[in-house]
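Order as written gives the chain letters A, B, C, D, E and F; numbering starts at 1 within each chain.
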Amino acid sequence: MTSPTRADGRALDQLRPVTFERSWLDSAEGSCLVTFGGTRVLCAASFTPGVPRWKKGSGEGWVTAEYAMLPRSTNTRNDRESVRGKIGGRTHEISRLIGRSLRAVIDVKALGENTIVLDCDVLQADGGTRTAAITGAYVALADAIAWGRANGAIKRDASPLTDSVSAISVGIIDGTPMLDLPYVEDVRAETDMNVVMTGSGGFVEVQGTAEGAPFSKAELDELLALATAGNAELARLQAEALGA
Amino acid sequence: MTSPTRADGRALDQLRPVTFERSWLDSAEGSCLVTFGGTRVLCAASFTPGVPRWKKGSGEGWVTAEYAMLPRSTNTRNDRESVRGKIGGRTHEISRLIGRSLRAVIDVKALGENTIVLDCDVLQADGGTRTAAITGAYVALADAIAWGRANGAIKRDASPLTDSVSAISVGIIDGTPMLDLPYVEDVRAETDMNVVMTGSGGFVEVQGTAEGAPFSKAELDELLALATAGNAELARLQAEALGA
Amino acid sequence: MTSPTRADGRALDQLRPVTFERSWLDSAEGSCLVTFGGTRVLCAASFTPGVPRWKKGSGEGWVTAEYAMLPRSTNTRNDRESVRGKIGGRTHEISRLIGRSLRAVIDVKALGENTIVLDCDVLQADGGTRTAAITGAYVALADAIAWGRANGAIKRDASPLTDSVSAISVGIIDGTPMLDLPYVEDVRAETDMNVVMTGSGGFVEVQGTAEGAPFSKAELDELLALATAGNAELARLQAEALGA
Amino acid sequence: MTSPTRADGRALDQLRPVTFERSWLDSAEGSCLVTFGGTRVLCAASFTPGVPRWKKGSGEGWVTAEYAMLPRSTNTRNDRESVRGKIGGRTHEISRLIGRSLRAVIDVKALGENTIVLDCDVLQADGGTRTAAITGAYVALADAIAWGRANGAIKRDASPLTDSVSAISVGIIDGTPMLDLPYVEDVRAETDMNVVMTGSGGFVEVQGTAEGAPFSKAELDELLALATAGNAELARLQAEALGA
Amino acid sequence: MTSPTRADGRALDQLRPVTFERSWLDSAEGSCLVTFGGTRVLCAASFTPGVPRWKKGSGEGWVTAEYAMLPRSTNTRNDRESVRGKIGGRTHEISRLIGRSLRAVIDVKALGENTIVLDCDVLQADGGTRTAAITGAYVALADAIAWGRANGAIKRDASPLTDSVSAISVGIIDGTPMLDLPYVEDVRAETDMNVVMTGSGGFVEVQGTAEGAPFSKAELDELLALATAGNAELARLQAEALGA
Amino acid sequence: MTSPTRADGRALDQLRPVTFERSWLDSAEGSCLVTFGGTRVLCAASFTPGVPRWKKGSGEGWVTAEYAMLPRSTNTRNDRESVRGKIGGRTHEISRLIGRSLRAVIDVKALGENTIVLDCDVLQADGGTRTAAITGAYVALADAIAWGRANGAIKRDASPLTDSVSAISVGIIDGTPMLDLPYVEDVRAETDMNVVMTGSGGFVEVQGTAEGAPFSKAELDELLALATAGNAELARLQAEALGA
């Protein structure tokens, strides 16, 4: 897989440079500054005993997430959602996606009645902010769970994490499927897909959208193959970052 | 594809009874009361000359959608979003999905500087409200475009509709993939997928979510096959309703 | 009472065709699709054990209502109140009127500590939406109370309904008082009045407004006479619909 | 009309002491601190050239009103609507009533393309705040119109005021109709009615509500007679205050 | 200190006429209509047993304040914050300042688990509204505490008030420092400062802002000297009003 | 000035380590990640041609600021203001302070009709976030102005910056005045003061608050002396960072 030149010279199936800076925050129970090329997301995991009212007495924990972009994370400034007084549809959508993705690798019984909130704040946006957020949030979540176990909030022999989880974007530009699109490619893509997978290769979430012409089953298969390889690489990098 | 009994005795690849009642509203430029079994959605298309500010002078039209549920469309009453003072994430997400799906079959140049808003209000919810909404909204949209052409707002030789569009849900229950899930099945599904397709068989949107265990590529393929057949049937019913 | 021709050829003291479709919703404890000519309102009664905090321990129940219009129930589309983030004054006013009207025929002691919420959603508006809502909501309420008694939530020998209640609009056009105004008449009326009455003929609410010139006591008396006859007819139709 | 003793010893058909303090504010184009017994409402009229967008080019003016209560105008403190972030139904309802009442005596053509906003802020509430607000707002409005004429914003020979307008409450307590209810009587009333009338005796708005048992036509007639006499007295006091 | 003429002929170190009208409201536990020249603020103190959740069981009371301006308290009308649906930054800032200032002279232990809310509503604004509000709120607060003691809510031998508190504005115009600026001077001031002090002469809050050129330490010292004298005079007037 | 030991061993008049990382964002016209010890604030300057409506045609520019904290910048997580749907009083207050402070060193005529918005987002909070924000925002602002000049949006010979500006906190703990308080000291301070100064030593804003006992003129003088020295050091570090 080679020929068509990409904006940054990468191969079609190549990730941008990915880094994880753990414990970026002094007081959060888990935190990670994740970068996918120019995209930088600060992921903070807040561990608190107790669960929302509708979970009380269930013996189960809860993991949820909130995603947001700083006003000048993008090329031109966006108004703050706090100033507008309401959260936009895209923000809502991505927050929910991150939460679902992380819960896919959580054993809520093993977590016990504890809540972990993942705040994913985009400091700089260059495409793939939701996939970077999921991928980095997993690292922060793993650290928060380790914290919980070290501090007695989670039983020492409990394993709330059942697998790792990561996400990557794929897309079709001028008919060519490619992996991990930066902003300049993203705006040109005819089809755009985000794929969330576990470390063991299962699909957690597949969201493909035709921005222009509809896509075929063959194209869908190609995109999924690219994403599968990309997520495998991300799983490896996450494990490395966590010193596993 | 047979054995496991479904809640309502249907075959695994069988749609619920689907009906389209066109012109349900007297004054809307297009309207359709669509039912997928117990799910009933009132779809109203409002045609207005002119476009949002960011489209002015482009020569292009705009199609958008808003989805909402009546408070007692569900088994237990939900608070009104107008009373809560804000729109929930799920509502936002589905409104955006409907809009994108319809725009996939619209030639905005041929539409001219006109706006069509599709209001999809769920009167009764029994699973698959978003797929019924997309499928019914297409019928209302087609009527609104016919109205525009009849009333001179759209050029007589212009064809703003490039194809039809419909949507159906598929899911895996106890390891078995099946089509068009009512509420009782939906809450039990391990994997839940909504598939939006054009009449000519292209994919517009694929949204698959593992609610429990991750799903495999093989399962994904089975689900897509079921959805492809279901959407083909819906396209036929839409054409029939539109008297084409 | 005859001469001046009305928009739809009715006599001055004649109601539009009125229909009640009970149990329009599968899961609501009571529901009714009511029509007054082109006006269609879906009334859903939700019965829940318990009362708002300020009623707890009083041994009394509570009945309240929420009114809303679908965006395209009217000739031209209105923005959703959920999107605007706040409820308009007219909506508030009518919701409160419906609630007060229904409570006028409720014995809260006999209801016990139960709450019934009436959702009145206007699917199509052609004048008189608030009067249709009150009249239809009574039917849904009666069914919800029957449900409560059948299900043991209300004592078998308790009679929470002390009477029936209905409402009708009257107005003066070109100096002529007339009954039950559709939209085309409503916008031309010099005086507009809504009259809520019990089945036994008592006044629950009288709201008369001079839109143009002030009205005299004689005109007021004529309007009240028309409304009294109209409400008597509605009470008869309600009883018929409820199979009483 | 005599026997049953009232809370403050008044006759059944007697108003509480009513005062108008004009020009209570230094900079408003019209203002009036009105009192009906313990009820005190500060009415400020703001005159501005120009009209809302939907009136532009019509040659007509606009008069509107906003009503509000200070948090501690009542016996126990209420939360501020600004803090709650939304306006309650009662506030909306009364603001709309005041605006309609004042527009009933305005010739919008004679006003020209000018807007007058009446702010009616209840400093102390002891029953009848909406009726005091309407009655006092008329005085402030008259002064604002005089200001407009003196300052050339309104043509010298134009007469935007076609009549005066006032309002009074009436109610039935223990079966006895009475005029101008203070708070202690208001909470006990079986029927509560607000009647807005012009100086020449026409009805602008009649709003009667059965709080307990429904009321009869005979009772309605008695209440209207009391209100007619009360409004006549208020019209006399307004004229006196305006030095007419 | 004399020469430069002031808008109203006062000496540079002279307060405007200051008045306190106690018990302006019939039902509030403490109230005071305070005027600083044309500035009039209605201060109402609401005493309620109990404290906010985060203070429960502490044995300590709480004092807080809310400030607001009537829409036409100013030269031109401002939109209501309740209508806009949110509180502006200036309102928030001043409410917090008033609360902090009053708490500086409160012994929360001696107050016991009671809450006093001070509502400071500006009826007319002519500069110095926040300083008038603090100064008047102290008087209302003192009365509410006396009420609490008289009614047994506060122990008879407890002294929740440790001192008095007042506030005054100072500013520099054309290089000349002066005391208590009305609106016409306030808008011209190069430096604007609000100084809150206790009756015994301690500083509670100093807020100085350069509106134009920065100010020097020498200027700051001159302003503080003026404010110290002004606050001493206010403390004397407060004591006089309270009959101490 | 020595003896009492500080939390981190610093001298009483010593700043925490201060760093400025310029151009932290790729696309903002100016940006700076500023740290005051553990406090980290990302300051982004967005330069746009044009001014708010009320400045149009004035020939003058505008500089404003928005401050916010990430939910987990603090020891325990705070709810997002976007989720709560409104901005808190503290956030409002600090945003306004930053804006005023920066405008104190801006010649709006020289800026021309351009707007610069400074977003100051606290990534980690350890006391002094508002002072770090002002100090870092100045650096981002200087870069944005340089960008404007380089790109022709500001005239080459215009000098919109008339001086530099910085801010520092001072406070009294156990009777001892000290400079630049981290969180652990801040919560214990009896008096807390923020002082904004220009590079040439003028006061822009002085905000001192007695958290416990009132403070004296002598204490105020000591605090201002500490702040004056601290701001002089910050001005030196800003100049160094800007390579001046």
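The definition used in the following text is that a contact is a pair of C-beta atoms (placed from the backbone, for glycine too) under 8 Å apart; a residue touches a chain by one contact, two chains touch by 3 or more.
The UniProt protein names, listed by chain, are A, B, C, D, E, F = Ribonuclease PH.
All figures in this text were calculated on a predicted structure; none of them were measured in a lab.
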If a chain touches chain B (Ribonuclease PH) and chain F (Ribonuclease PH) alike, it appears here: A
Cα superposition angle of chain B (Ribonuclease PH) on its copy chain C (Ribonuclease PH), in degrees to the nearest 5: 180
For chain B (Ribonuclease PH) paired with chain D (Ribonuclease PH), centre-to-centre distance based on mean C-alpha positions, whole Å: 51
Cα-centroid distance, chain A (Ribonuclease PH) relative to chain B (Ribonuclease PH), in whole angstrom: 28
Residues of chain C (Ribonuclease PH) engaged with two or more neighbouring chains: 85-87
Chain B (Ribonuclease PH)-facing residues of chain A (Ribonuclease PH), complex: 86-90, 92-93, 95-96, 100, 104, 193, 197-198, 200, 202-210, 213-217, 220, 224, 228
Contact footprint of chain E (Ribonuclease PH) on chain D (Ribonuclease PH) as seen in their complex: 25-28, 31, 38, 42, 44, 46, 48, 66, 68, 70-77, 80-83, 85-87, 91, 117, 119, 121, 123-124, 126
